[in-house]
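Below: one structure, written as C-alpha cells.
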Amino acid sequence: MIVGYVAGKGPLHEAHPFTGLVLAGTVVILAVALPAPQGPAALAVALTALALLAGLPRVLLTALSFSMPVWFFLGVIHGVIGDAPLRALTVGAQIAAILIAFLLVLATVHPARLVDALLQRGVPFSLAYLLAGALQAVPRLRRQAADIVNAQRCRGLRVRGSVWRRVRAIVPLAIPLVLGVLGEVDERAMTLDARGVAAPAHRTALKPPPDSIPQRIVRWLLTAAAAALIVWRIAG
Amino acid sequence: MSALRLEEVWFGYDDTPVLKGVSLEIAGGEAVALVGRNGAGKTTLTKLVVALLQPRSGMVRTGGRITEGKAPEDVARLVAYVFQHPDQQLFARTVWSEVAFGPQQQGLSRDETRGIVGDALEQVGLEAHAEVHPYVLPAAQRKLVTLAAAIAQRPRVLVLDEPTQGLDHAGVDRVAGIIGSLTGDDVAVLAVTHDLAFVAEALERAIVLEDGRVAYDGASRELMLDERKAHELGLEVPPAAALSAALDLTGRPVKVRDVVEVLRVGG
Amino acid sequence: MSVRLGGVSFRYPGSDTDALHEVSVALRPGEVTLVTGRLGAGCSTLLLVMAGLAPQATNGTRTGEVTTLDRDPATRDGRKVLAGRVGLLLPTPWTQLSGMSFTVEEEVAFGPANLGWRRPRIAETVEWAMERFEVAHLARRDPRTLSGGELQCVMFAGVLAMEPEVLLLDEPALELDPAGAASMYEMLPSLAEERTVVLASTDLDRAVAVAHRALLLDRGSLVADGPAGEVLGSDGAVATGCSTTIAEIARAVGLTPGYPLTVADAVQRMRR
C-alpha cells in the first residue's frame, strides 16, 4: 500500500510540483464533466497508463484496494435497485480516476519541492509549510498507528482474523493517535520557531524545482480544457 | 527450563546483519542488563524476544515457547515489553483502563482484573491517579503507567527499554524496587539500559552487545570494576564503582549504599 | 550581558502555580551555564523564556523583564530580529524535524535557508556543522531512517549552522549512548568560547566537568547562582538530590559541605 511520497525517477517525479497538482485538479473536473460513461472510463484507463509510465504500478494496487469496497457497494446498490448498470460503471470509473490521480500526486510531489515552488511564486512560508504538512499527515499517522498497534499486540491485542475484529481493535487507537499527532504539531511549531521561521528574510529555496516551457504549456492546456469543459456542460 | 533462551540468532534488516549469532540464556529470578553502544543490536534483540521480529536463523525461546511462526499477541502471557517512549504505547482514557488492558486480553474476570490492576498501581505509586487521563500526567509518571501495565500482564519475562530515562532519584529507586520484587517472584527481567549506575544498583548480570555479538556475559560488578574493559565496550564506569576502585575499598562495593557503609566503617 | 532576566515569573495556561517565580539572572558569553533542579523545577521553562517561546508559543503569562541580545524575545519585533541568533535544542529529535527534507544535508540547511542566506554560504556552514558533529557521512541519508542519537547530532548541527550567539540546550544528550553523550558534553566549552551556552541537565555527573557556572532551581525559584563547583557542592544542592553521585556519597559519609564532586576530588579529600 502506498500512501505518501515514494522516491523515484519517472516523468512525474521530474516534473514541476505544480504540474502534478494541476493534473489532479483537472482530473477531478474531467471525471465529473466528461460525457458518461465513456469519458470517465477513458480517463481511468489514461491514468492507469500514466501510473505505469511514471513507474508506480503499486499506486494502482493501492487505488484498487481502496476502490474495491466502493465498487462492491455500488454493484450491490445497482443490482438491488435495478438501476442502469452504466451508471454504476460511470461512478466506479470516476472514483478510480480521481483516486489514482491523487495517489500519484501524493507519491510524486515531495513536500519540500512543493514548498520551494510556492516560495518561488511568492507564497508566504507559513502557508506553504501548512500545505506541505498536510501532505505528510497521512504517512505520519500510518506510522504512528503501526507503532501503537505493535505495542498493544505485545499486550495481547489480537489483530489477525476477521475484518470486524481488526476494526474493533483499531477504533480505541483513533483518539490517542490524533492527540499524539496534535501534541507533536505543537512541539514542532515551537521548534520551527527556533529555527528561524520567523525571520523577515525571504527563505532561500535550496533546490528550486526547474520548470520548463513544455510543462507550462501542458498546465495551461489542461486548465483551459477543464474550464472549456465546465462551460460546455453548463451551457449544453 | 530457562525463562529466555536465544540460540545462534542471526538477524538483519535488508542485507546488513544486525545480530550475528547471538546466544544467551536467562533463568527465572534473574535481573539482567543488556548494554552496548547505540546500533549494537539491543533493541532488535528485544523485539525478537517478543516476536515483533523473527530471526533469520537460530532460535528464540521465550517463556518456554519458541517464537517461530508466532505473533506478539501469542506470547503476551509469557513476556511483557515496556517501550522506551511511553507515548508509543499509551492509548486508554484512564490510567486504570490502560493497566487493565493486559489482564482483559487474557480473559480474566472483573474481580481478578481489579485485584491485579490495583496491585500494579500500588507498586508504581499511582493508586491515587487511577482515574486520570494518562496524557495529563508528567512524562515520568507516564513511564510508570506503562510499567504498571506490563506488571499487570503477570509475565514470566519482563523486558524494559531504558526504564530509568527521564526519571528522578525517587523514580529510579522505585523501578529498582519493583525489579527486586519481581525477581523475588521468579520473573526474569531483561533491561536495555545505558544507565550503568542503575545497573550497579538493580541488575546483577550484564550482557554486552558489540557489533551484533555478545562481547561479555557475566556479573555486572566485574564489568564495572574493570575500567579498561568497560571503555573498550563503549561503557562508562559509574561514579560509585570508580570511587570504590580508586580508594581500594574492602570488598570493592559498587552500590552507593554499600560504598557509603564501607567508608563510614573506615575503608 | 547577552541574556538578562529581571524578576521574571511565568505561568502556563490553566495552571495555578508559577512555573518560574521572580527569577533574576544575567548571563554572558564565554561560559557554559548549567541550569538544574529536580524534575519539574522549571529548567526547561527557563530556557523557553530566554528564547521567547514562553509565552509566545506556549501561551501563558509572563511578568518581569526578559532581554536576550538586547531585545525582548517574546515580542514580534524581537522574534524577527533574533531569528537564528538564539538556538534551541530539545531532548527529543523527532519532534524537531522540519519534515521538509529529503536528506540530512537539507535538514541541516533548513535553518540557514529560512534566514535567507545565499546558497554558497549555506553550503559552507552546513559542511562545517556536519563535520563538527561527525555526521558528514550521513549527509545523503533520509533523516527518518536515522537512530535517535544520530538524529539528535544532526539537529544540533542544524541549530549550530545558523551561527547563533546564544545556544540553549535542554538535555541535549538524552538519546545518546554514554560515549556519544561524553563527546557532546566535551564540545560545549569550546562552543562557549564565542557564545553564551546554557545547558539544562540532570546528568550532573557529566555536566560538572564542563559547566563554569550553575543555576539551581527549586519549584520555579532560583535558589543558587554561582560557580558550578560551589553551587553543586553546597549542602542545599546535595541534600535535595541535585548534585553528583560522589557528592551524595560524601555527604552520607559525613564530610562537611563544600562536598567533592568528582572521584578525583573525593580521593584527595579522603586521603587527608
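Observations on the model:
A, B and C label the chains in the order they appear, each numbered from 1.
Heads up, the rule we're going with is that contacts are C-beta pairs under 8 Å (C-beta built on N, C-alpha and C of every residue); 3 or more make two chains touch, one makes a residue touch a chain.
Worth saying up front: this structure is predicted, and the values here are computed from it rather than measured.
In terms of which chains touch, the assembly is arranged so that all chains touch all other chains. Greatest centre-to-centre distance from chain C is found for A, with centres as Cα means. Taking each chain's centre as the mean of its C-alpha atoms, chain A lies 40 Å from chain C.
Taking each chain's centre as the average of its CA atoms, chain B and chain C sit 29 Å apart. Averaged C-alpha coordinates put the centre of chain A at 42 Å from the centre of chain B. Counting only residues that touch two or more partner chains, chain A has none.
Across the complex, chain A meets chain B through its residues 147-148, 150-160, 172-173, 175-176, 179-180, 183.
Taken together, the chain C residues at the contact with chain B in this complex read 38-40, 147-150, 174, 176-180, 182, 202, 205, 241, 244-246, 248-249, 252-254, 262-263, 266-267, 270. Within the complex formed with chain C, the chain B residues making contact are 37-39, 138, 140, 165-169, 194, 196-197, 234-236, 238-240, 242-243, 246-247, 256, 259-260, 263-264.
Those residues of chain A that touch chain C in the complex are listed here as 7, 110-112, 115, 125, 129, 132-133, 136, 184, 187-207. Chain B makes touch with chain A in their complex at residues 50, 52, 71-73, 76-77, 79-81, 83, 87-93, 101-102, 105-106, 135, 149, 153.
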